[in-house]
Structures are given as structure tokens and as C-alpha cells.
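Below are two complexes that have chain A in common, paired first with chain B and then with chain C.
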Partner chain A sequence: MHPERISVLIVTFSFLAAANACTGESKPGVDNGSVPTERVLASRQARVKYKSGARYASDLAAALDLPRDAVCRELGRYDCVDEVHRIVLGGVEPYTLGVREPLPLIAVTAPIAQDRVALAACTERIERDFAASEPLFLTKLDVDAPTPGQLEEAAGRFYDRILRREAAPYEISALAQFHSTVTDESGESGATATRDWAILSCFMVATTLESVFY
Partner chain B sequence: MPESAPTSDREHSDFERKEQRVTHQQSSCITALPAAARAKLQLLRLRSRASEGRQRAYQFRYRRAPFAATLAPAALAFAALWGLPAQAKPVAPQEFCRIYPDTGLCVTGVAPCTTCHTTPPTRNAYGLQVESELSPDTPRPLSDELFLNGLATAVRAAESLDADNDGASNLEEFEAGTLHVDATSVPSRMLGCDSEQRALASTQPWNTCNYDPAYALTRIGLDFCGHSPTRAEVEAVRGSDDWQPLLEEKLASCLDSDFWQGKDGVLWNLANAKIQPESSLKSGDDAGDLTIADYEDDYNLFVYINTGDRDARDLLTAQYHVLRQPDGTLLRVDRTPAEDLLERDADDGDIAQLVPQERRAGMLTTRWFLAKNTMVTPIPRTTAAQAYRAYLGYDIAKLEGLQPVAGEPVDYDLKGVAAEQCAVCHSTLDPLSYPFSRYDGLGGGDEEEPAMEINEDGTVNIAFGNYVAGRMERFVRLEGPQIAETPEAGLLFGQPVANLVEWAEVAANSEPFARKLVLDYWRLLVGDDPQPGDEPEFARLVQRLPSEHDYRVERMLRDLIATEAYGAP
Partner chain C sequence: MNKQTKRMVSSSRRSFLGRMAKLAAAGTSISVGGLGVLGLGRHARAQDAEEEALARSADPRFLIVLSTTGGASMLDAMLAIRESESANARTLNCFPDSAVRTVGPFRAVDIDLPSLGPIPMPVKGRQSALVEAHQADMMVATWQRTSVNHLVGQRRAVSGNSAWYGRTLQEAVALTYGAGFALPNVHLSAGTGFTERGSDAALPTYCYGETVADPRLWPLSLHGSQGVLGAPSHDLVKQARILRNTRLDPQSRFGRVFAESPRLKTWQHLRGSPQQALEAQDLITQLMISPESAEFPLDAYGLGSSPDGALVRSAFPEFASDPLEAQAALAFLLLKYRLSVTVTLGPSSSAVINADGAEGDEDPYEEGMDDDPTAGGGLPEGSIPNPPLAFDFSHSEHRGVQALMWSRVLGVADRLIGLLKSEEWSNGQSFWDRSMIYVANDFGRSKQRPSGAEQFGTGHDLNDGALIISPLANGGSLLGGIDSDTGITYGFDPSTGDPDRGRQMTEAEIYAGTAQALGVSLDGVTLPDMRAMRRSA
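Now for the complex of A and B:
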């Protein structure tokens, strides 16, 4: 997929997801669910930790069933986490740079680097799914003309594998509806649109706060 | 074959020694000089020292020259700071914590300087409040004794005041763990849940009112294994009333992971600030251009001792070293210097551990630690300060852990450290340093580089990174005859020690060692320093390390993951 198209779709999806969360708009054939509105008791400690690059890549590799060195390589050559974005993603390099401890604050460019890692890993996973006889996410899915039920099943698998939990109905609904957005926005259809949808769905779940912090 | 310096170099050294003595003798007056004059003097010193560094380096081995020359200015910058007037009271941080032992400011045992100062000696708003209450009728400056006598009354008087005008009194902020000199930091942290909140929290995916075993399992997986537990593992914990064994089982499996104890793993990186590696100076695999020692020995020793149910005190007392095998496993090696030299330096130099076994003190006497910190210094204050900081948690540069010794510093190397403003720190630091003085780093003084000789007892006649009983004699020509009187005996925590091995023994069995070790893991795993509400759990870990845990890190970690600080979302 062309990087520019991916970028447009990411932005589009962000708006759509937000809009969907606010309006609870439903579409035929898709159980929209509802965004939870009940009161939540906040953490007393607020000690959420950043996963850091090494931990994030390792966690993502396990979730996507990828070898660690296949997660992300800039220019296809340099490991994104161990080499290119190491310090930005909370790593250390004590030997030549003298960075013996992680930066005290998360770097302002960390989200950009994190997005690149997630997008590369998700692209690799979905490409493998398309080539594999036993895909990880796109099981029982007609890639040329997926049904809403098949999209929901795949959406649930993204949450199951990446966040290790069951997806809420509204989360499944948002992802399943996103398939038609991809089709409309990109003008693609069939397997190409399904590939884009799967990559971006994976990317969305892998870049949630829940996935990046613990 | 002894190397002798050219005549011109000797003359140059004589000039520099005179210059150093003059400036040291003037050290108490330096602060009275105009800023421009001070800057000029510092520049002169800087040039002089850099030149000396170069000269010394040529006397040893050409490949060490840039190293010594590069570090000389840093040493001078530190020396220049000695000239500043000392108005802060280094006795204050400990006294403050004697008065308020349970506050968040005293988690490490000494309050930070910023409790009363912006940048010492300048006082912050709270410091000014205390100062105005401190023996107001007594002429300034106050002696340490008068200061200590009046401090408790003064801080009590300032308790009800509000230094940052945020509506919370100083005492309320101490107790809540918020910053008493920051108006944006106010006590608001909820330390408990009422029944309604507990009921609500119990219906959430994460129970934010209690220790949540599923949340703790997730953290264990990510902290120790590097990836989240599977959904099945999480659900097994959620569905079990007897979840404690499941957590311990997960921890046990993760403690063996490469992510935790492998090269560049979590434990390895925990040692970075203690070892301070520099690839350009590394010997062994991936050697740099100027090889002085291989810090992989240090990392291996650190990881080995922190794993496998081993005694953590070995960090300071081990007389063995550790090698990483090709398959990644760590192997304890009990070799004499001669055996290690023959085994490891045959193919590649500057690797073997040369300190005789009975003179070794774990991480403090590795070849890298000595070379990196002691370098060519007669009295290795930097080495002692790093040991004090890295393993006992006291940073003397921040006025932490000061326990002045009467009659110190003697100033055996004529650096001017007996001046009042210098003695504030050096009356503690110098007695700490003497036991390190017989351990060579990179040579120095009138060094003779003997032919490599292996003695019958397994020791070797190599000065670098070795124990040299007569080391101080080498510095007589450069530093004066008094340098030879530097004792090997010193003091740590007020306790006399005959040598570094005794120093390490006292250190390893001290409360600060246990506290620092637990604090390192707390910061790593909980994510920040202990907060006021954490103090009971943190103190319990420190207390149990030498007793129930028998100094075994992995036993302590089993307790740590059971704390609310770790397992309550």
C-alpha cells in the first residue's frame, strides 16, 4: 500500500472512530453496541508505565506471532527499536552515547516512532496472513467480499491477540464499520480494500493507550 | 622496562606542581576574586591540567593519552567548585529526616537539598521560613552544633506555614507527599476507598481499590518477560481464589528469561549507572581504540549475583568473577590473576582480572571499575564516591551521606581539601577513599612498568588494575613525601576499616546497602520513587532483605510484586 494512502486512511479513521464513539451511529447489519457511559473509579495511584520500545516490540511480536526481528526495519535494514528509534522509544545506549537510563520524560517524537513500529508490524502480519494457508487474523473471511459477521469476527481477534481481552460491542462495531470507510475513501474494493482495512484495524488496536502503556 | 619522562617534561611537571600548590593554598580566597579573574585562573588550570594529562599519558602508553587528557578538565571543573562559599548545611538533610522520618522527602533516608534550597546555598521559600525561626537571636554564621540544636524547633515552627501559598500547610504537604514549594502540587491523592467506591471498583475490568491479581500478572509479564501474559493466563488468575501461586509461577519463569537476565536485558541495564561503560575504552569483544578493560565482566558479575538465589552482598564482597558462555549462561570463575591472565589475555590484552583473590571486593575491584574511576589518581576519591553512590545510595556531590570524621581530611595529596568549605564533604569522602588507595587504575606517579612476572602465589606484577601495597610511594616525587603517609585504613559509617575488603564487608551488611538495592528495583518495577503511602511497604522490603530474604534478590522480588504499589491499578 502506498504510504500516503495509509496516512489519509489513518486520519480518516481517527475522525470516524471519534465520531462513532460520540454518536453511537449504527449501520444495518452491524451491531453497533454502545459506548459505556457509567462512572468509572479512577486509579488511586496513576502509576501507568510506558512500555518502551524493546518491551513494546517484544509484546507486539508475541501478539502478532512474528519473529522479533520482523517487527519493524527502517529501509528494510535497520531495526526500528534497537537501532533507529532506540532512545526516543525509552531505550538506553550506555556504551557510546552515555544514555544509561531512559529519558525521564517520554520524547515528543515517541508517538511518531511508535506509529511506525506498529504500522510496520501490522503490515507484515497482514501480508503474511494473505500469503498463509492458516492466517492469524483473517480466518474464515472472504477477503474479496467479507460479510459484516466476518469483519466482526476478525475485529474481535485483533483485540484478543493484541490487548489479550474480549472486545466490547462498540469496539467491534467501530472496526467492522471501518471497512466501508476504507472502501469509500480509497476507491479500492475486494481483497485490496480488505488488506488495507486489516492493516489499519491492527494498527488502531496496537496504538491504543491500552497497548502502549501498562 | 622503566620509562622515564624527558627532562623538559619533568620541568614542566615541577612548574605545574608549584602552580597547583599555589592555587590550592589560595583556594579559600578564590571566591573573593572577580569573576573574570576566576575564569582566567580556571582556564590556566585547565590548560595546565590538560597538558599534564597528556604528559602522563605519554609516560604510560600512548593509547591511553587521549583518555587522561580528556578527563583532566572535568576533574578541574570539580576542583574549581571547591572554591565556592559553603552556606548550605550538609548536616541538615539527615537531621530533617530524623525529625520527619516518615515523610516522602525522607524515603531515601536523607532529604533532598531542594527541601530548603533552590540551588544551594540559595534558600527557597520554605528555607527562608525555617531560617527566620532558627535561633533568631544568635549571630550568623551558625556552627553545625548550634544549627542542629535549633533546627527541630525551627521546622516545627514552620509546619503551619504555607511556603508556596497553595492552601496546604508545609506539614500537610510533607505528610501527603506533595511539594511544599510548588503551588501546583497540592495534597489530593486518594489513599483509600470507601464502601461505595469499593463496590464500584469491583465491577470494573481493573479493581482500582485493591490489589488486582490480573493486573499484577500483566505487569509481571511485561516487566520480567517482555510481553503480556496470554489471555488464558489472565483469565486463569481472574477465575482463581488461589492466585498467588499463579503469580509466583509466572514470575519464576520470567526471571529465567533472556529479556530479564540476558545481555542488554533488564538486569544488565540496571547496572549501567553503576558500571558507566564506554565502548571507546573497551577491551575484549568489540574492543575500542583505547583498550583499558572489559566491562562485560562487570555486567556478568552483576547479573549473576542478582539471579539464581545468590547473595546480593556478593556485589561488594565477591572474590570471583563471572564469564558469559556462548549459549548465554553465566559461569562463576574462581581463578588467580595468573590463571586468568594465561587463560584470557593470551589472545587479547587488558581483559584478565588482576587483583589477588583475597583482595577482591566484588564490583569495586574489577579491572574496569578501577581503571574507569581511579585512573592515575593517588587518592581515588572518585572511585570511593562512585561506590558510595552506586551501592549505598549516597551521592556526596549532592551532600548526601555526609558523616564527618574528626581530624579529617588530612589532605595527604595537598589538594587544599582541608579548607573549611572543602572539608564539608572531604571530612567524609577522604576517609572513605583511603581503602581504595592501594588499588591501581591506570598507573600514575613514577610508574615503572615491570616485565610481566607471574609469581608462585598466582599474583602478577602488573600495576594496572591490580592491588599494589606500595602504590603511594610512586607519587612521592610528584605529590610530596606526605603522600606516602596516606593510610590504607579508613572509615565507613563511622566504623573503622583496615582495608577495602573490610570496607566492602561493612558496606554490604549495612542498612543503606539494603535500602539502595530495594530502591533500585522499586524504581524499575513500580515506576517511581516510593510515595508517602508506600513507605510501610517499602520499609518492609528493606527490613526483610537481610532477614527473611537472606539478601536474595529473587526472594525480595516475590515480596515486591505482592505490594499494593505494584499490583493495584
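Now for the complex of A and C:
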């Protein structure tokens, strides 16, 4: 067979294989900022890997511009990922524990530990932002009375820094609107509400499936 | 009415059932759609099976697997042989008559040794008081193992060499009684075959063991925000989780593309109702065995020690330096708070060094004291409560290691039993009344010694005996026996328990007898009725 025809066949098969591996095309939504509008093809294989604690902490430290050892320390003493939640978050410790392979199943407590790591890191980051002259996330935010536009800008930065992508309109909208939830639920206002909103916005993005798996 | 079968009608039972219903509503109970093929079938409707599983949770039995990691020798404990009893006394691992006491059908070794082999530390093996205290609940059943590989032997000790679809005893107990418990099967030690997952992948996920790497720190993984300084209120965290779980993730491109991923589905399930159920019970406090201290500055982080912290620390005072004591303390709390139906613990292969010695009332390393072993100095007794390799240090020195480690394991069992006896389950019945400690062993040790040697090394041996301590077992009995000239054990009649010199019990038989004593119905496989291993029919 002529090499050119082989190339054509390879391309054709590749296309068919790719098409065959994807089903369940979603329907387009309405772009009102509350639902996604892009069409996606659901993966039939759907193979994702869990980002183990060590990798997750490194990524989070880079995203939040924190020293690695400032990401999360339980009781101010024990590194969350290297010590406390090491095995639960998919790590190994062959020398004293004899755990040579990651747990075969996701531990029941893993999502809680993951939340703890992210919450500690985000709290540390936002505390630093509040104290810094050049904050990382709250760059254009009037912390005492943020406007919707300022909240949206900050929301976009969380996605940009943590997931390394542009946020979708519905994502920006959802995070910005969460500020109202904070004020309504807690009765907080001003800088306190902005602080909690920022911590939890960071937390939400940092614990999305997209952040925890790859 | 037999106290094991008393109906529980007290308020605590109602409370337990109420809690169980909440757990079920929260989704921590099993999805029982597949129970028909799991050996718990007979139900046309999944709902019936779920109701039955939850009903069994109201009347559970508790299994504590206490491992003798490395390979214990029954000849150095309940099956000890006196030198005067053996025709081969000089070359068989047997003891001076004065060191062996008879306690009911069992033997107990009380012996003082000058060193732990190459480790210059005196050893006092003390078994008789512990055996006397618990002989009514103790049962030794002899068996012939099938592997002298540590990991394989450990795995088969809890799976009966795949006696019931490869399910471990812990998984079998969790399957039978765990539906209404938040963490039915907890592995407090890691990295051994005793805590490996069984080979039946079809069980509900809650049956598989939850690994606890460090019992002192693990409670910190039971709440998402408590103890995180400066974090927003937990109510706000919950709101954030709701937004994340219901909008951000399901609508994200990643979430939609990989929506069918089993891993993502598991993760999403776990961070839903199971997470809420764990956090709602304030387990971060209830299971915190450490007290306020510089090492654990709990107050500063809005945390506190368990209400039962003082109780377990009193029973296991070395919890901070000895992982086995920390495991035992947490094991009790997991059972007491009705979170688990089975816990697995045991000494690790890593050495435990206690710089204070056994008593801790004086500094053993006073200035000027010659503690250099190479210069004839020694370590105080108790300096090394756990030698490297645990029981397997017997390769270097058998007798001292077995004496030390048997005392260690029996001592932990004794204190756990004491705590469980002091805790009421319901209606006057204690937790111990429905518990079993299965002392799980890798395999036995070789029976020979160099002629007349008091210090010698041993290898691995298939011939062994299993120790079970439980009011549910046929306590106060030795099932089978031992040939005092060879040190080889022989079996027993499964129905009557009569010794049978022509028989050796299999791993599957002992697995069956253990499971049956715990009320586990071994549906779907043909295993003998090991009536001799149960206290009641």
C-alpha cells in the first residue's frame, strides 16, 4: 500500500477511535453566567488519577505562592501531607510503617483530609494577602466594600492561579455570588466577610475534582 | 437466658438504633444491591437485605485482631513443654520445669533471662498471671499453616487461605455487622498481611479496612475545618462545599468529561454524606487520645482531648512512645463509640526504644554509669519493649524475644479486655461479652534447639496453634494437643473437640470456627461446622 494511503488510514482510524471513545454529548446551555455553555464529549474510558498528597501540596504551594512548609501544619507542628495525612492522601512510608504502596482504595477520610489541607493553605494565603502591600489574589479589591466586578476579578484569579486556566462565566458568577451567601449566612460584613469569602473561594477551587485528580 | 443472646431493650439500644438509622439515612450504610451474590442473599428485594443488614448491626459482635507480627511460638506460651516431659529435652525447645506453670489446660512461662540475645537488656517473661486472669475465655486451637512467608502467612491467618471467597475475617465481620457503623473495619497497624485487603472485590466498600497510620494524629482527619486556625466557620465551609459539590464540579468541563470515572464517583460519594456523618459525631475530639501538652497544643487550636482520654491513657500509659499502646487506646475508643465492629492492631517490625526503661522512675543513663555494651554495660529492663522485626527477632534469639513479645501482646490484650469489661453495651451486658480477640500469627517457629542451649535462634515453621480470647469461644479449652517429644501439634474433632493425633487442622477450618463463633454466616461455601470452637450452639 502506498505510504500516503497508510497515513490517510491512520488518521481515519484515529478519528474513528477518538469518536468512539467519546459519547454522551451534552446539550448546550444558555449563557447567562449560571450554567456552562460549551459542548463536551464525555470520556467512555474516564481514566483519572488521584493527585497524591505530595504532588497536591507542591501544586498548591506554587499556586498560592506559599513556601511548601507553610501550606498546612496540624497543631502548628506536624506537616499535614508529609506526616499526619500522608497515607490517607495516597502516600507511602516504607521505613517505619511498612506501607510500600498507596492504599488500594480511597480512604473514607481522604476527602476530609484534602479539605483540611486546602483550607489551611487558603487561610494562610488570604491572611498574607490582607497583610501584604502587593497581594496575590485581592489585587483590585476594596476589602471593606467589594463591588461585584471586583469579586469577579478575584474569582477569575483563583481559577487562573490554582487550575491554570481561565474561569468559565458560570464559575466566576458562582464564586462572586457566594459573597452574598457569606454575608447572609454569617451576618458578617466588610473586611471580615471579604476575608472569609476569599478563603472559601480559594478553598472551593482548590478542592474541585479538577484540582484533586488529573 | 444466655447473656450473649439477651434482647436489648434499654434506652441505649434505642439510641443506637436511632443513630444507625441516621447513618443509614446519611448513606453510610451499604448499598445492598449485590448482597445476593455476597453470601447474604435470599432476598428478592434489596430493601429487605438492607433492613436485615442494619438489623444485624443492632446486635453486633466485635472482632479485635491482635497480631503477633513476625511469628510467635506456641511452645513458648500456652503449649510450653517441661524438660521432664520430653524424651528429647536437650534438643527440643522446652523449658526448665520451674519456668512452666499449668493453668487449666494451658501452660504459662514465667522466666528471667539475662539478655535479649545480642541486646544486653534483661528480660522478664511473665505469662501466668495473664493466663490465670483470662483462662475461662481462652481457647487454643492447633493448626497446620500453609506458608512460612511472612506476608503470605499473615494474609492466610485472616483469610483462612481464601476459605470464604478470599474475604478476611475483618471483612466478614464488617459485612455481617458493619452496615450501621461509620467505620466498620479499621486497621490500626499498616504494612502487614493482616491488614491487606481480601481478594473479594465484590463487597460493599465499607467492609474494607480503613488504614490508620498514626493513632494519635489520625483523628485530625475526621473533621474538615475544626482546628484549622483562622478558617471561616464550619457552617460557611459547609455552604462552600455545597456550591462546589452541586455546581462547580458537576458543571465543569473536567467533571462532565470524566463523569463516569469510578474514582470520581467514589470521591464524590465520600465527600457527601459519609463525610457529614463523621464530622457530625465530633470524632476529632472523641478519638483524640493525647492530652493537652506542648506536643499536642489542642486548646490553642480549638480542639480537646477525648472525654475518655484519661481512661485509655491510664490503661496504656506508653501511648506516646509505643505505637502498640496508642493503637490499643484508639481501638477501644472506636469500639466504645460504636464506630467500628472490627479493629486490627499489633506490634510493628520497627524497634521501639524507651529511654526511660520499664519503670521510668530513674534515669538509667546517669553520668558516670557504664552503659557501653561493648564494655560490659547493659540497658535497663524495658528499654526496648519491641525489638526490631518484633517476634521475628527470634532468628537471632528465640527464647528472650518470645518471652518479651508474648508478655507484651498478652499485656495489651489484658488491658483491652479490662476496658471492654468496664464498658456497658446494653442491659447490663458489657462490650467484652460480645467481643473476640483473635491473636493472629504469621506461622509457628521451628521446634529444635542446639543441644542444651538456652539462647538460640529459630526459623519459621508451618506447625502452630491459634489463640482466641472471647466469651463467644469455647473458653478454657485446648483443642488438639502437642507431642512433647517433637513439639508438633495435632488436631481435634471439629464437633466434639476431642484430640485427634491423626489429624491436623487447616487454616480454612480455624477460619470457619472463628467466624462461626462470631455469628458470621458462611453462606455460599462448604466449610465444616466447627462446633468445638464455640461456647454456645
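In this text, the second predicted complex is superposed on the first by the 177 of 214 C-alpha atoms of A that agree within 3 Å, B and C clash if a C-alpha of one lies under 4 Å from a C-alpha of the other, contacts with A are read in each partner's own complex, and residues count from 1 in each chain.
Following the convention adopted for this analysis, a contact is a pair of C-beta atoms (placed from the backbone, for glycine too) under 8 Å apart; a residue touches a chain by one contact, two chains touch by 3 or more.
These numbers were taken from a predicted model, which means no experiment stands behind them.
In the superposed model, A:Arg44 makes contact with both chain B and chain C. Once the two complexes are overlaid on the shared chain, A:Thr183 sits clear of chain B and of chain C alike. Shared-chain residue A:Thr207: touches chain C; no touch with chain B. When the two complexes are overlaid on their common chain A, residue A:Ala54 makes contact with chain B while staying clear of chain C. In the superposition on chain A, the chain among chain B and chain C reaching more residues of chain A is C.
When the shared chain is aligned, chain B comes close enough to touch A:Asp160, but chain C does not.
Looking at the shared chain after the overlay, A:Asp115 reaches chain C, while chain B stays out of its contact range. Of the two partner chains, chain B and chain C are each touched by A:Thr96.
Taken together, the two complexes place residues 40-44, 47, 49, 94, 96, 98, 100 of chain A in contact with chain B and also with chain C.
By the touch criterion given at the top, residues 39-45, 47, 49, 51, 54-55, 58-59, 61-63, 92, 94-96, 98, 100-101, 160, 164-165, 214 of chain A touch chain B in their complex.
Put simply, chain A touches chain C in their complex at residues 24, 26, 35-36, 38, 40-44, 46-50, 74-78, 83-88, 93-94, 96-100, 103-113, 115-116, 119-120, 123-124, 127, 168, 170-171, 174, 178, 181-182, 185-186, 196, 199-201, 203-205, 207-210, 212-213.
Per the touch definition, chain C reaches chain A in the complex via residues 183, 190-192, 197, 205-206, 208, 210-211, 213-214, 217-218, 220-225, 227-233, 235-237, 239-241, 243-244, 247-249, 251-264, 266-268, 270-271, 274-275, 278-279, 295-298, 300-301, 303, 348-350. Listing the residues of chain B that touch chain A in their complex gives 189-193, 197, 200-201, 204-206, 208-209, 218-219, 222, 226-231, 234, 259, 269, 272-273, 275-280, 282, 526-528, 531, 565, 568-569.
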